[in-house]
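Every chain is named by a letter (A, B and C) in the order it is written, and numbering of its residues begins at 1.
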């Protein structure tokens, strides 16, 4: 024990403390860098009743997958209000919805809107998902860091 | 004083330093968790001139209050451009605006738009609030962490 | 060397460690405050084909510059889908686009949309910029802290 020099030990300890503390400070100043590996996230709102907007939204989702690679991006389409027709069984874009879901796009219908229009899940496309309230879902996704696009 | 062992003191100090530093690092890695107690915030943009969009927006605000509880969410509706008609004294949704404001929804008209259309505050609903510029308000709210919804 | 009191050194070291660690923790709790000097950022999406929306968007950009001062705000307008017509050489708002670009507004056309419509850069306004994909640009800007406005 007598070979340990208290002053040398102090110096070592001080250096350690400094490096630990500065690691914390650096992490604060420089938030996690966004590497190209980071998964992108985007939510599309469909609240319009016209098939033109539905097709535009589906084009957008497809382009995003092509540009970034389907595996590198989480895409969700939320249909509510007059936009709910996009996900009805007789939707003018039914085939494209099936295709998008097959490609990994999450597509959800607002059950609040469905209740107001007396639509049941049986009235909707089999490939469609559901959320209790479309706007709440859009709020939640934005909070989770999703970009918001309203085509 | 001679009873204090410098090496034991060093060990204690080192442990303290370590725990303090790691507390800092942990706080960086795990940002403040969003508890269910945290107040939600959402701003709705009304820039369209059709009463259908106005009603859709008011339905959205009402649904958000019903889903989350009116006390747990700050809701603001910003009307500008062609959307300003929603808040004029002869608005097709005048009663619903009064009701929404009574329920705690903040509703504001863009004074830039009003100037352009030669509207004074007397031309607007008594329950309406005002902001100097609607778009600036929407930018400000997004910066404050409000979700943005454009019905 | 014998004049250094190990206990005093320990106390000093402990105080230093404490202040360094607490600096880290404070920085976490209080994110960089947004001073009035901080540059504002806003991106406008134009995906509608009607000149009314184009004029509304240009009015919005102008108002934002007037309110905040052109030097204090980065404004970008992204035209895609049916909105691409806003930036074609025969656009109904060609003069206003030139003026906006002259005032420092960044205006970009989506090359994905252009390809789909067989438009080349020669078909577009000389003052227009270009991005490979409009929606990707809107996602990127939101990630960079831009407010998003869809007039």
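Definition applied: contacts are C-beta pairs under 8 Å (C-beta built on N, C-alpha and C of every residue); 3 or more make two chains touch, one makes a residue touch a chain.
This is a predicted model, so every value here is computed, not measured.
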Can you check whether subunit A and subunit B touch via the same residue numbers (shared by over half) or via different ones? different
Expressed in ° and rounded to a multiple of 5, what is the rotation angle of the C-alpha superposition of subunit B on subunit C? 120
Could you state the distance in Å from the CA-based centre of subunit A to that of subunit B? 20
In subunit A, what residues contact two or more other chains? 6, 10, 13, 17, 21, 24-25, 28, 148, 150
Counting only contacts in the complex, subunit B reaches subunit C at residues 1, 4, 6, 9-10, 13, 16-17, 20-21, 23-25, 27-28, 45, 47, 81-82, 112, 116, 132-133, 135-136, 138-139, 142-143, 148, 150
Where on subunit C is subunit B touching in the complex? 6-7, 10, 13-14, 17-18, 20-22, 24-25, 28-29, 34, 40, 42, 52, 56, 59-60, 63-64, 67-68, 147-151
